[in-house]
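Below: the structure, in structure tokens.
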Amino acid sequence: MSNAYTPKPEDKFSFGLWTVANRGRDPFGDVVRPALPPVDAVAMLGDIGAWGVNLHDNDLVPIDATPAERDRIVKEFKAACDRHKIVVPMATVSLFFDPVFRDGAFTANDARVREYALQKTMTAMDIGAELGARIFVLWGGREGVETDACRRPDEAVKRLRDAVNFLCEYSIDRKYGYRVALEAKPNEPRGDIYMATTGAYLGFIPTLAHPEMVGVNPEVAHEQMAGLNFVHAVAQAWDAGKLFHIDLNDQNPGRYDQDFRFGSSNIKSSFFLVKFLEDVGYDGPRHFDAHAYRTEDYNGVKDFARGCMRTYLILREKAKRWNADKEIQTLVREMGGAARSEPYSAERRDALLKQPVDRAALAAKGLAYERLDQLTIDLLLGVR
Amino acid sequence: MSNAYTPKPEDKFSFGLWTVANRGRDPFGDVVRPALPPVDAVAMLGDIGAWGVNLHDNDLVPIDATPAERDRIVKEFKAACDRHKIVVPMATVSLFFDPVFRDGAFTANDARVREYALQKTMTAMDIGAELGARIFVLWGGREGVETDACRRPDEAVKRLRDAVNFLCEYSIDRKYGYRVALEAKPNEPRGDIYMATTGAYLGFIPTLAHPEMVGVNPEVAHEQMAGLNFVHAVAQAWDAGKLFHIDLNDQNPGRYDQDFRFGSSNIKSSFFLVKFLEDVGYDGPRHFDAHAYRTEDYNGVKDFARGCMRTYLILREKAKRWNADKEIQTLVREMGGAARSEPYSAERRDALLKQPVDRAALAAKGLAYERLDQLTIDLLLGVR
Amino acid sequence: MSNAYTPKPEDKFSFGLWTVANRGRDPFGDVVRPALPPVDAVAMLGDIGAWGVNLHDNDLVPIDATPAERDRIVKEFKAACDRHKIVVPMATVSLFFDPVFRDGAFTANDARVREYALQKTMTAMDIGAELGARIFVLWGGREGVETDACRRPDEAVKRLRDAVNFLCEYSIDRKYGYRVALEAKPNEPRGDIYMATTGAYLGFIPTLAHPEMVGVNPEVAHEQMAGLNFVHAVAQAWDAGKLFHIDLNDQNPGRYDQDFRFGSSNIKSSFFLVKFLEDVGYDGPRHFDAHAYRTEDYNGVKDFARGCMRTYLILREKAKRWNADKEIQTLVREMGGAARSEPYSAERRDALLKQPVDRAALAAKGLAYERLDQLTIDLLLGVR
Amino acid sequence: MSNAYTPKPEDKFSFGLWTVANRGRDPFGDVVRPALPPVDAVAMLGDIGAWGVNLHDNDLVPIDATPAERDRIVKEFKAACDRHKIVVPMATVSLFFDPVFRDGAFTANDARVREYALQKTMTAMDIGAELGARIFVLWGGREGVETDACRRPDEAVKRLRDAVNFLCEYSIDRKYGYRVALEAKPNEPRGDIYMATTGAYLGFIPTLAHPEMVGVNPEVAHEQMAGLNFVHAVAQAWDAGKLFHIDLNDQNPGRYDQDFRFGSSNIKSSFFLVKFLEDVGYDGPRHFDAHAYRTEDYNGVKDFARGCMRTYLILREKAKRWNADKEIQTLVREMGGAARSEPYSAERRDALLKQPVDRAALAAKGLAYERLDQLTIDLLLGVR
């Protein structure tokens, strides 16, 4: 493979432990790959040139581990990370695997489950902090319903706010310095999940006690499951200063959560995403929250992980070319672009109200977006 | 039809002029009904027992009307409203029909189009204010793209914010007292529309200069086009104090914008919506933004409009029965419900961290949601 | 619960062993219910008034059972069925759970896997026949791809045809008298599944060697995952004489496979489905291929299973009322309805070509479908 | 633009009159482009290097034209086609635009509408035949419902069959030599359209009186609206000998009918489609049933039309490279591939039943599909 597309630490490519160690179980079938111990996963990530690894508490420490086991496991994992020059930028908590969370965690109807969810999350924050993570992701995969008979949805919002407020205080209290990144998903594993979109979380954050500590972790597949334009969601998060983390993968709309290799399904929208992240200077982790097809052994898992990074780098180069392409840039300039509107004033008001408008003339001008888009397709296909 | 389901003014049922006067044009076919003049539409609404009528500027005043014509039309319309005891609770502006807006209005690349959009909206706000409207809806139906090559999406967000800020100032300046309600939609007529969901607007509002003036106008069909749970979106808006208006209709997910008669497709989710609005005491307009099938003449349009109100009233009665049903309420009480979590403190933290948890016991308890849901279905079907 | 909605054997309600014994594992969480042995599942079905039980080979007989174990298990199961007066109308085969099928079964690229799939299916047909089943369902859940690079799709069609032809011969050879019912699904667990819709199988069947032996097994959730109108698919299958079996459940469109309790999500389309089956006199099994929410214990599973049957019976009674409702039937009669067109002839051709048409008059007539639909909603809600 | 991607007559690229002459009206907005007379559209097609033009009867001949006008128009159009070396490979009929068809055409409840639909289609077949078309497409865009209360769906199937049978007889009678191609769509403009998928039509055709005359016209956007894999549908049609025509465009799933420029949204699936058509040697028209964005003037329409053909040719070249790529072909060979299974016999049966299977060994082999897919992505992006 070309050197130009070889990942480097400064690219900040990270993978969840649960991604490369995914064993391929699905609703209709059993595991297809043997277990991959966390230290071996880290070794694999070092081998393929990744920069970071993320984890849920129980990806590393079994849910029933004693404190001594927990300490030993974390210590050995840290040593493995050091050995392979892999950092831990982000940590999170599993509030979905254990049956105790079958009705949700922070929003569960049973107050004891809600309390246990707080306990478990605090403990997970401890692990993350010990490993150096400064981003803590909360994905409320079970915070939802199969029937709205079981809970009033505004009650769920309140419970969720209570929990996030509590956990922010914990991070402050413990001086962990976390930035909390909330991750939305419309459905699966629940019939409907509360806070279905990144936008919903952007609306939720300003209602928190510490909004400045909390941002979002948009995931390609989760927005695309609902058929939404992912880069629009990312752009809104960026505009609001809330793009704390990002989950890269791929997904065909209107389906189960596919978590495909980045860029493998929707080349064009992956391109506009990479272009956006690079254009605005996003400097957080590029986290691949995906997994290999069930047809693969661990060689195939490596192919998968390398492919995620490679496609990102190819698209990054194409974004640079797009920005440097004279014909494209001429069209972009002619479009008009970035002029800000003037603020309100009586003068501005009256000027606008009096301004004669030749609607027909404005409407008659061809905008050449078909040409611009075809040039983009040509560039993506490598024929310009 | 039963008296119990006869609409009354206090029900606050409103229809857009564009709904009952919809002529049935679609992408593949021509109009099927003759034009219905606005004053005749108002008469029809009075006849069927509606409370209010909403309008886009050009539903009433042609885009090329002279000031004198505009004044005469508005005056006659006001008289018709008075005559038929119909109020005008909400007004809005068409920033989508004229070809000048083919690339958007507030987010268009051509600065002259953006200026014209402001001019046209101010003028529409004048009309609404004159008719007594205190809610002004903005639906950015053309604020979007077919290709993201044509505009950086964060630029669109900035332009949109500039516009909404400007228009809030205008309302303050003119002392119109408007509450501005932003209406989201994921796509159609654009390939993708910015601010695709109600959640996105809830995230956008806190970035405005006058967030207190601005809320949302969620529409059933628009969330359901993306397969999202509508009542969850409404609940979040309510929780944030931002449910300024609502558009009621129906829609099968993953399709073109169908705008079906309220409650005609998704009976169960319509029920939970009505129940939520009534439970929380929402007292704004119940606006039906729907239209009759193309198979109907104006008698059928009346059937359609009556059906919207009737189904709302039937479901409202069922919501009351649900709240009064002893077996259902016993199940609801057993679920646990509304206890708030305690705020963060060192004591609370330590108590939670030390608290022993019997996960297996918590997980073993059956929650009886199947039974609760079946009782709900029985109640909806009228067999309990 | 009302006697009128008590299931009777002649209602032919059946459940898969995998439905009531479903343990609630999903892609993000572990099992929530203990294992329910097949004989206990049969006892439960007897208890709640079901008529039949269906099974995959490995629902009953472990994949690694010896012939002696297999015989003992089948015998004991048969005895349990007799004891509880439960019949086995349908059998099927698991070609999806074991990792050997990760690339498909009949369409797998590895010829040895294809051969094993035939072997396993013949063995499953033996079990079904021994238990009295006369319908054999084939659901090709793994017959698909994540990337079309791995197989030409016409090759998959050919392999599938070879397999079905082979298995028809086996049934003839063994004198099993099976009617084979093919079950479509668009995706999950594969990225895309071949033969995505019931329609696709209706097109496939005439290309087989024994088309008369082969029909379809449409499943509500599988068509609705793709947002398709299920009753239209069922009607086409019925018209073609190919409705050999049916899988009843519920599903919100554009999502993972939800397998909800029958009638719990889409009341209206469930009604039109029941009405269709009853109107045409479908006399095959009413099989509920659904499972209880993960929040339930086995009491909840019973609630779930009872609810499936109860809702069917409620809707069946409503279908009768719809057919007997004078106002509704007047509207139906006025619609025009069932007159067949005359066959082609020179006279008919010329008559049609010369026939004057008053398009405007034909187009002006209101068809009163809004009224008819509202009457249907009223009837469903129990207010007429 | 490169010569390699210049369209030639032997590429058989065609456009509907309604595509390049599309004026950009949509449900929320007015026309954006002036009318383009048919003869000018033909001139444009000649100018950009297309081979053919298709048409609905009323794209060319107004619905109220006298016989003399009709003859003059057809004659002039034919002359224009000859002048610009454009052929007319396919004709079709508009059974959707006029309000008379608001309840369907062949399946309408009013028998007079059904008769008029036959009359109008015979007349359209006359026009097509006169212009040299040998393919006649039937798209039943209005054959559907908003509520299933209005018609039993099996009745619709019967009416549709009667109509197609009648029209086949007409073609035989008039010696037109048509091959009839049926085009499916799941919804829009009707709430649900009968025969929602290409598969449904493949199932319908064997129930006709002249199945040999009738095939399908799959459209990319129509299958993708339902989120279905288009190339799988095309492959099944090809396998059945029924791929009589094809409509190329692009579409994001789960939305209104977008009819985007071919290859502009889903590059990868467009590639597999082109590869399939070229691999199997499909030699029918490559018809682009798409239209330019509303932002375009007629220069933009030309850009759009050129882009459709250009992207097809780029992808065709990539398909050749894929077939010639050594690393890719090595992987393809290792997959196993095309070996046919042996037919049924007692020996084969017994051999299969006795054959020992090492499931674990078969399941352990990595299939390298991630690598194969990444090589495909590399090839598509022009970096190998």
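Which chain is which? They are A, B, C and D, in the order written, and residues in each are numbered from 1.
Just so it is clear, a residue touches a chain if its C-beta (ideal position, glycine included) is under 8 Å from a C-beta of that chain, and two chains touch if they have at least 3 such contacts.
Only a predicted model underlies this, so the values are computations on that prediction, with no experimental measurement involved.
Enquirer: Moving only from a chain to one it touches, give the least number of moves from chain B to chain D.
Expert: Minimum step count, chain B to chain D: 1.
Enquirer: Looking at A-D and A-C, which pair shares more C-beta contacts?
Expert: A-D
Enquirer: Cα centroid separation between chain A and chain C, in whole Å?
Expert: Their C-alpha centroids are separated by 37 Å.
Enquirer: Where the centres are mean C-alpha positions, what is the separation of chain C from chain D, in Å?
Expert: 30
Enquirer: Two-or-more-chain contact residues of chain B, please, as numbers and ranges.
Expert: 32, 98-99, 102-103, 146-147, 150, 187, 226-227, 252-255, 264, 293, 295, 363, 365, 367, 369, 373
Enquirer: Would you tell me which residues of chain B are touching chain D in their complex?
Expert: 24-32, 96-99, 101-103, 141-142, 146-147, 150, 187-189, 191, 225-227, 252-258, 260, 264, 293-295
Enquirer: Which residues of chain D touch chain C in the complex?
Expert: Its residues touching chain C are 63, 98-100, 102-103, 109-116, 118-119, 122-123, 146-159, 162-163, 165-166, 169-170, 173, 186-187, 192, 194-207, 226-229, 231-236, 238-240, 254, 269, 272, 276, 279-280, 328, 335-341, 343-344, 346, 349, 352-353, 355, 357, 359, 362-363, 365, 367, 369, 372-373, 376.
Enquirer: With touch defined as at the start, can you tell me which chain C residues reach chain B in the complex?
Expert: Chain C residues touching chain B: 2, 5, 32, 227, 252-255, 261, 263-268, 292-293, 295-301, 303-304, 306-307, 310-311, 314-315, 318, 363-371, 373-374, 377-378, 380-383.
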